[in-house]
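Several structures are given next for inspection.
Same chain, two partners: subunit A is paired with subunit B first, then with subunit C.
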Partner chain A sequence: MDLFNPYNLQVITFIVLNGILAISIYITLATGQLSLGHAGFMSIGAYVASILTKQADVPLIFALLLGGLIAGVIALLIGAPTLKLHGLYLAIATLGFGEVVRVIFLNMEITNGALGITGLKSIGSTLYDWLKVTGLTGDSFGLSVLQMKAVLTLLFLLLLFGLVLFLTLRLHRSRIGRAFEAIKADETAAKAMGLPVAYYKMLAFIIGAVLAGFCGGLFAHITTTITPDDFNYHKVVEILSFAVIGGSEIVWGPLFGAFILTTLPEVLRVLAEYKMIMYGAIMVLVMAFRPHGLIGTDTFAKLFDRRRKQAARQAEEGM
Partner chain B sequence: MKKSSRLLPSLLSIILGASLLAGCGGGSTSDSGGQAGESGGSSGGGEIVAKIGVVSFLSGSGAAYGEAQKAGLELAQAELNKANEGKLKIELLFEDSGGKKESAINAVNKLINQDNVVAIIGPTLSGEMFAAGPIANEAETPIFGISNTAEGINDIGEYVFRNSLPESIAIPTAMKKAVDKLGLKTAAFIYAANDDFSVSGFQTMKKTAEELGLENLGESTFSIGDVDFSAQLTKVKELNPDALLISGLYKEGSMIVKKARELGIQSTIIGGNGFNNPKVFEIAGDAAEGLIVATPFSPEKQDEKVQAFVKAFEEKYGKKPDQFAAQAYDALYIMSQSLLQAGEADRNKLRDALAQLKDFNGVSGKLSFDENRNPIGEAVVVVAKGGKYVPFE
Partner chain C sequence: MLEIRDVSTSYGQIKAIRSISLDVPQGKIVALIGANGAGKTTTMKTITGLLVPDSGTIHFEGRRVDGLKPHQLVKAGLALVPEGRAILGQMTVQENLEMGAFQRNDTAGIREDMEKMMSWFPILKERLNQLGGTLSGGQQQMLAIARALMSRPKLLLLDEPSMGLAPIVVSDIFKTIQEINREGTTVLIVEQNVKQALKIADYGYVLEAGQIVLSGTGQELLANERVKEAYLGGRKVQ
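After this line comes the complex of A and B, so read on.
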């Protein structure tokens, strides 16, 4: 595979972007909350970041961070009344929130209504301009400008993804992570143990929202154009299906789901008209054989368990 | 025992995942021989072989548009390859965008960098073009819109073309003709506020009304998906305008036309580009009578070229072509003409040839590009009569 082909780089970029989104849905799910508001938070982040870079010339990275933060603040406001809801009720309330955000953006002057914001400066171009200041160009690495921009975008995203993943894994092993797990397993029991359940649930909700908002900003500056329709109900389903297909027990589940669901449409391009049939069939197969998602806590355990048993058996035979 | 029975499915799914991975790797290696520099086939032996990529909305909610475009392109391909035998051979590579931006971006990237096409036709939606256009432009590959009517498409860059007349040409043509012929003085507007296409159409309508001196009596909005328009139309009835201007998609638009006539609104109704669909007559029925629309293409137009195209299309697909098929058909003819002029399948030479296009005579009217590559063409103004659109005289 030609690694420096911009097409391959672009697909990998989308995989990494969806990977961060997958972590955002995973963190909310880690406390057993089913939130369908992620597309809403994503759109808040996307619009805030886009307006900041396009109209106020704010540097990209600050705009992205601000987008995430504002999504987090909104999550705090929304979370206060809605997080008292459980299961399906929370799902419906957050779904409603997402739709409200979309309709607000549709009718606002600054977001340019249904026409959306176009002509944003892409991440690749921004980074390349910075690089030029240091005197390096694509030629220094033997790559064309186009390849260089794609490589820079991907590196930038990989860096962010690595950071987010590292923090998530650390979080999992910290006191907060253990609290999340306890709440997910049994909320009443967790409360009886003296855990401030409301606090931890809110925390998970906000972290998820900040990450989603951040992804929204990234999405806007990769596609260079956004309209409210990019964040509709279909986007919610897409994000959620990362966790459904991949599994939501450990962080690798949604990540694997994001990887599969982003790669699949590209791999299946060869099939043209039959693409959607295959796509559907694979989904059904996964659900039939692994209703809890492809990767669960047992997946790795079992693989290692089996290997250990084999090793033990071989050792026995050897004796 | 129990353990192993649960292990099997989990292994199966891992194998499934792994096979996908393998598929990904394999698929890409086989095709990525050439690099981006040398593009789109060769010109050995006098015959130019040109690979043209097509990004279209072939699956999902807008698949009808994509199918029409594909049909138009394939018909043109067959005719052109026969007519230019020995001189030019066009290969078409279709990619589905599903109406999604990410997918359109990936498709354009794939066509340019992996398949090394000389030019791209599509994508279908204006939103997709705004996302994918800059990529083609940066890669110095001509990208040719055949259904992007929004403002600002040509501003993306020098390699972006389109033969779809922007609404800013089509709608004013219809309004001007209607005002001239029917002596309209006042107007009311109704448009879908949650649809980019409709909002853009409305803005053009409003601007044109000001220029034509039509008095603006009021504006009301609806949403795509609405089924009840009584509130807005009762208001319109009170205003009693000479003209009712509707900017929306065909479904809601037709329902508005129907309801308006039911309420007894006598105004002349002028519709935006969304009304260019035969479904209008299925939904609105007799109420559609007298509806005025501007269209880039009318199969009823008494023109030799148009009638030959309609006949060939009906023979091949068993139905009448719509404007999407017609514009796709024209686009490939423009491409082949420019390729022959360029003399070889080279992206930059093709761009220069395209930019010089003048007085191309296609089934959707005459077409030239101005210095900003904006299409200059003429729209046909049609009026609904007896269940179909006929030229408005």
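After this line comes the complex of A and C, so read on.
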């Protein structure tokens, strides 16, 4: 079956991974903060998790969680002085942070410099080993070992993605979500209403960093190889584009952006050397016609409005 | 209740207010009037902690409050209705009101105050599920005042509540402010609409170029030649 081709499965896996990254940038943007440090946090998570699994034989799950956690701690330290900055100044400061992290990893011995860390045990292999304990193998499902590993990786990521999305939607409806929304809409008003604005901005920054760090660990254990250049300026732009193209008003925006931007290069592969031209043209067109991104609050408002009207009509008919 | 002594605040090099002293006694309405750029909003922002003064002291109910964070001041019982209303346009009227009670967790008390706001501002009750951004200017001002009251303040600070509103709406707003005051909330109001503000004020201060140049009861100031000439459109009697 073509769907179970490991290549296709890997593309879908990356869509899901980028989905989690999109949520991470969305949460930071939800308080109106433009942070370009996400690649930096991602690399911290990636290196921490990789070193833990490779050198210290820490179980994968714990290594991933620790990677996210340490990215969060670093975010706390970085956030204290930088979150006082607004708009572009915050963007510049966090961009600088990302570059500093990259250069540090490039020069450290434990990270193996520019060569990076290779030969990591992939998520697929780890999960397959667990599966073998239960007596099941790829043959039980009529799949090759390679396919089975890819399927397991994808299922694992889908599970995590579902969990993160569920928590994000819950967060949005909570007291914290309301506070984020108020701060994004009008910081002075939020202060006047008695919101501890600095606290909530820091919270959003840290949640974003933890998720990015977690994604870093996942990324490392999907590709099994990381170098500092995987997390350079281009990665930041890529993550940010999810929100720019998809829209950052509601969580579905960046998710849609991640989906589009991850599939597009694969779909456009048929165009061969014209691929990047088309990619750029599509970006420009989106910005020209939907400057706030493809999906905004209005997209769903219209949909719900129709549904509400339908419900009202049904209620009337029922009476 | 609120005592401000020799407070100066600046934006970088520019001193916006210089050595201001004023008192807001419990249960009164005090008006701070002045032209554009006189430093009225700066004074309000300094009182509510949005700006930090360079020098001077602010005492609220006997406790020193200058240098405290805005959210700490809201907790202490100060609530600001910011200039230009600052309604959260993407939230409903109800959500806006709930945000005003952000620091409280007495659910019963919040519900009670919500009912109170509905009876004081019937227009908000009709529009409870409408987005804040779809209200008219006057309705938004009502919502902003109601939202500030949701924190159960002892002192309500209003920054130019009449800004951009039709005269008939303005008099409604001022009537409401008087009612709120009668219910026991002390009010400090900043206004360019000098006549309306002084009419309802027990005491007034005139701010010019960052300094207080005159003060007196509302009636005294209304009758004052200098005030008449500068703000009420009266001609100098030669």
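One rule holds for everything that comes next: the second predicted complex is superposed on the first by the 301 of 319 C-alpha atoms of A that agree within 3 Å, B and C clash if a C-alpha of one lies under 4 Å from a C-alpha of the other, contacts with A are read in each partner's own complex, and residues count from 1 in each chain.
Criterion: a residue touches a chain if its C-beta (ideal position, glycine included) is under 8 Å from a C-beta of that chain, and two chains touch if they have at least 3 such contacts.
It should be emphasised that the depicted structure is a prediction, and the values quoted were computed from it without experimental measurement.
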item	value
Touched partner set for A:193, first subunit B, second subunit C, both or neither	second
Subunit A residues touched - subunit C or subunit B, whichever exceeds	B
Partner chain(s) touched by A:275 [first = subunit B, second = subunit C, both, neither]	first
Which superposed partner A:178 touches (first subunit B, second subunit C, both, neither)	second
First (subunit B), second (subunit C), both or neither touched by A:5	first
Intersection of subunit A interface sets (partners subunit B, subunit C)	none
Contact footprint of subunit C on subunit A as seen in their complex	175, 178-179, 181-182, 185-186, 188-189, 191-198, 297
Contact footprint of subunit B on subunit A as seen in their complex	1-2, 5-8, 10-11, 14, 103, 106-107, 113-116, 118-119, 122, 144-146, 149, 223-225, 227-230, 256, 260, 263-267, 269-270, 272-273, 275-276, 282, 285-286, 289-290, 294, 298-299, 302, 306
Subunit B residues touching subunit A - in the complex, by the definition given at the top	3, 6-7, 9-10, 12-14, 16-17, 20-21, 23-25, 27-29, 32, 36, 58-59, 94-96, 98, 101-103, 105-107, 109-110, 112-114, 127, 130-131, 134, 138-139, 150, 152, 155-156, 193-196, 198-200
For the subunit C and subunit A complex, residues of the former touching the latter	48-50, 69-71, 74-75, 79-82, 86-91, 95, 98-100, 102-103, 147-148, 151
